[in-house]
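Below, subunit A partners subunit B and then partners subunit C, in two separate complexes.
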Partner chain A sequence: MKSLADLKALRDQTKKRLDLRDGESDYRVVVGMGTCGIAAGARPVLNAFVEEIAKENLKASVTQIGCIGMCSYEPLVEIYDKEGNKTTYVHMDANKAVEIVKKHIGQGIVCENYTIGAK
Partner chain B sequence: MMESLSSTLLDIASNSVRACAKNIGITFVDSFRQDLVSLEIKDDGKGMDEEMIQKVQDPFFTTRTTRRIGLGIPFFKEMAEQCEGTFVLESKVNVGTRIKASMKKSHWDVPPRGDMGDAIVLAICMDESIHFHFDYISDEKTFCFDSLEIREILGDVSIAEAEISSWLKAYINESIQ
Partner chain C sequence: MERMNVLICGGTGCTSSKSDLIEQEFTRLLQEKGLEKEVKVVKTGCFGLCQKGPIVAIHPDRVFYCQVKVEDVSEIVNEHIYKGRRVERLEMHDVDEATQEKVFNIDKIRFYAKQKRIALRNCGVINPEDINEYIARDGYMALGKALTEMTPAEVVDEIKKSGLRGRGGGGFPTGLKWQFAAKEVNDQKYVICNADEGDPGAFMDRSILEGDPHSVIEAMAIAGYGYIYSRAEYPIAVERLNIAIGQARELGLLGKNIFSTDFSFDLELRLGAGAFVCGEETALIASIEGKRGMPMPKPPFPAQKGVWGKPTIINNVETFANVAQIINNGADWFKSIGTEKSSGTKVFALGGKVVNTGLVEVPMGTTLREVIYEIGGGCPNNKRFKAVQTGGPSGGCLTEKDLDSPIDFDTLVAKGSMMGSGGMIVMDEDNCMVDIARFYMDFIVDESCGKCTPCRVGTKRLLEMLTDICEGRGTMETIDELEKLCYTIKSTALCGLGQTAPNPVLSTLRFFRDEYEAHVKEKRCPAKVCKALLSYSIDPTKCKKCSLCAKNCPVQAISGVPGVEPFKIDTSKCIKCGACMTSCHFNAVELR
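Entry: the complex of A and B
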């Protein structure tokens, strides 16, 4: 059974990892979590981004946003680079999220086939 | 409709976040003895006036500018009513809002719980400066989870960090089994 006492140790470990990975984020990942997004399956997409970014130890933040206004394209994810350029990925799922983390966030290659333009 | 109680909870809690609440209280009751499943979300956000309270129960109303229909509250209400339950929405401008769905646990249409730990943690991650309090009440046990207590342990580390959030999700789920 887990207890909150264990959380302190985990926190210290995480802190060490974060200190090593200095500097600001290269990418900002924004996941649409309005009613439409959640109903379409945005939760596993969000979690896949968070887990994969940590696994690959990449510099990117993941945040939630409400309805972006293109409900029929949900789950929807926007990725901003340091210069503020936006890529919009549509009809997302957890597998696509893993691929996008590896290519887009890891190597800077946009996964064109998942973007809104490809639809 | 949402596929699980946890998605419903996350969605309704996100309304509270958007209403600039500083404190959000979530109560989840799951009882065979009372034949009851209920979800209640209370906040001290900007609230709604009488007219608005009526309007938001209609799916063709929203204050969003991105879309003409709001779905969150109508889904929540529909879920309660489909399960021979009751729906309550009370709100006061500048005071806050209380929204609750109570369902008959034995009813076929009660959605599965889904991943409650995930929903609670994702709700907290929406805005870590908000104080979240979660209470779980079943026949065998009660469990409470408070974001202030967690904040104190974590200090300058965010709840959204992968290893922290996954630990907390598992911790909550283990505690409400």
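Entry: the complex of A and C
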């Protein structure tokens, strides 16, 4: 540690990891992880969200929830913005997750074609 | 990549209820499920709500589980962590009074909602054994700023302007203390952190050291060579301090030429044997020098002539824990919190007859009612609030009429108590105030170092008089003598310990003289605590003649004929153990 800049670099390295504990984020991503969700492949979707959000350096938390109720549309993902508005994405996979992170969370553009309304 | 953090309280309270085993179980089960890369288990410092420990927090979900047992861990892992279904039965919650619905949102729970955390800001959030987590929360930035962007005079000035006052009890302006030491010309100066927390029921400093040791180390570096004087009875705090000092040295945040400046600073940890008087600064310095821990007359003050005869700054743990925040956010920010003459926040160890015992940090000026009722949840079992004792053995009691006065250094003194280090013990109608005064005096008699006569002999006499009153031998003269002696000790004892020792007696006399008088005039203890003044009897109209009480009496003091004659207690034989009262199914045994 030679200078304040060294310290700042070290801080920024760990900071991202700790943001998780702050409870402040622009978006909240909720992945349906009931038995049906897991069987339909929710786990890789969850991981894709976590990794992509970190890679893009976005302020969003990823949590999971039990069965959302529409098992035939699994894997299901809900995204809440700060005002509590919900968007539901269906038949998710890891590639769609990456796209949604970039567009929806990164630029605020809802990926309409993946939402429940499009089915 | 981690998506979830499981924070487990590793403070002394939760550790004693097996939080370390809970941590091991989480680690084991997460590995079994192959989730160890996604979910990180972190041992943190105290969350504050010790009553409900062990506490496990899950983020980013912001769920707090309380009173978690090792057996509960598999349910949390399988349900919550794996499937995202919260385990509601373990979740911390309030009940909304209007709707009777449970409130789970941790940011809305009254215990936390009213608090403002500065000194405790990292406690329960970071792993105290990992310097990187401290740094991630802007740790050591203040030191960097102070060393590379500010002059020493600017640092002192900033602290002065912030209005920070000593959190150990005295309330002396910290900046002024630093200025005195800075003015002294000497080749060596020292900084001491006073972590000899001794008030019964107080654990603010312990929790800060356990939960956020680096905050204290950083502040001490901001302030020259230092010592941390902690009591040996704080094993977890000592272990974490040693780890923290080691990590800071490794990163070059302690040692020679910090941040490539010509500033060098290092720390040593000294352990005290736990004598209460060693919390007094001159006694503490004597103890560091290897002498017997006894106070010295002041002046000279430590800022002029302290440890090894060199100018010494000596501050309390909590005071230091505020320093880095002041440097980072500025004096004006700190000044904006709290009251005009007492800026910032204060940490209290809330205990006694209150629903949520634990550690709370509130802005100065918060009222006692807010702390005791809104955060603390009031007295349990609908008992009537009687008094609150602040300032430990040096402080005094405050009663119901003071509940709405704001808490700061000056109002508490004006009300006849003091801030002290932050112990806050709530008492209800079942507490006898004479007995409380006797409890504190007993503590003082044990802890008096014996150097000066008023304290050594005087407090012993006070204890004898209090015992006489509690045991029914007191007269009105005893009360007069008691009061007179209190004032003599107050004005003649050498150090703070002796000068403040009579406070619990004086303040209970002031507010509860009627209780003292009931003890001597009527030989009656109104709160039914003083055993010598109580007697058990059986109400013949309620007695069902079952003989259960007589069977449970260990000294055969109860006689009667089962089914024929009501039972009776022979008070000359009775040892007042209460076994009859607990055994009776019909509430026929009375205590008067």
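The working rule: the second predicted complex is superposed on the first by the 97 of 119 C-alpha atoms of A that agree within 3 Å, B and C clash if a C-alpha of one lies under 4 Å from a C-alpha of the other, contacts with A are read in each partner's own complex, and residues count from 1 in each chain.
The definition used in the following text is that a residue touches a chain if its C-beta (ideal position, glycine included) is under 8 Å from a C-beta of that chain, and two chains touch if they have at least 3 such contacts.
No experiment lies behind these values; they were computed from the predicted model shown.
In the superposition on chain A, contact of A:71 is made with subunit B only, not with subunit C.
Shared-chain residue A:109: touches no atom of subunit B or subunit C. By the touch criterion defined above, A:118 lies against neither subunit B nor subunit C after alignment on the C-alpha atoms of chain A. In the superposition on chain A, contact is made by A:14 with both subunit B and subunit C. Of the two partner chains, subunit B is the only one touched by A:39; subunit C is not. In the superposed pair of complexes, A:25 makes contact with subunit C only, with no contact to subunit B.
Subunit A uses residues 1-2, 4, 7-8, 10-11, 13-15, 18, 33-35, 38, 46-47, 50-51, 54, 62, 64, 66 to touch subunit B in one structure and subunit C in the other. Listing the residues of subunit A that touch subunit B in their complex gives 1-2, 4, 6-8, 10-11, 13-15, 18, 33-36, 38-39, 43, 46-47, 50-51, 53-55, 62, 64, 66-69, 71. Residues of subunit C touching subunit A in their complex: 1-5, 7, 38, 40, 59-62, 82-85, 106-107, 125-126, 132-133, 135-141, 144-145, 148, 251-253, 258-260.
Listed in rising order, the residues of subunit A touching subunit C in the complex are 1-4, 7-8, 10-11, 13-15, 17-18, 20-21, 23, 25, 28, 30-35, 38, 46-47, 50-51, 54, 61-66.
Looking at the complex, you find that subunit B touches subunit A at residues 1-3, 7, 10-11, 14, 18, 64, 66-67, 70-72, 75, 115, 118-119, 122, 125-126, 149-150, 153-157, 160-168, 170-171, 174.
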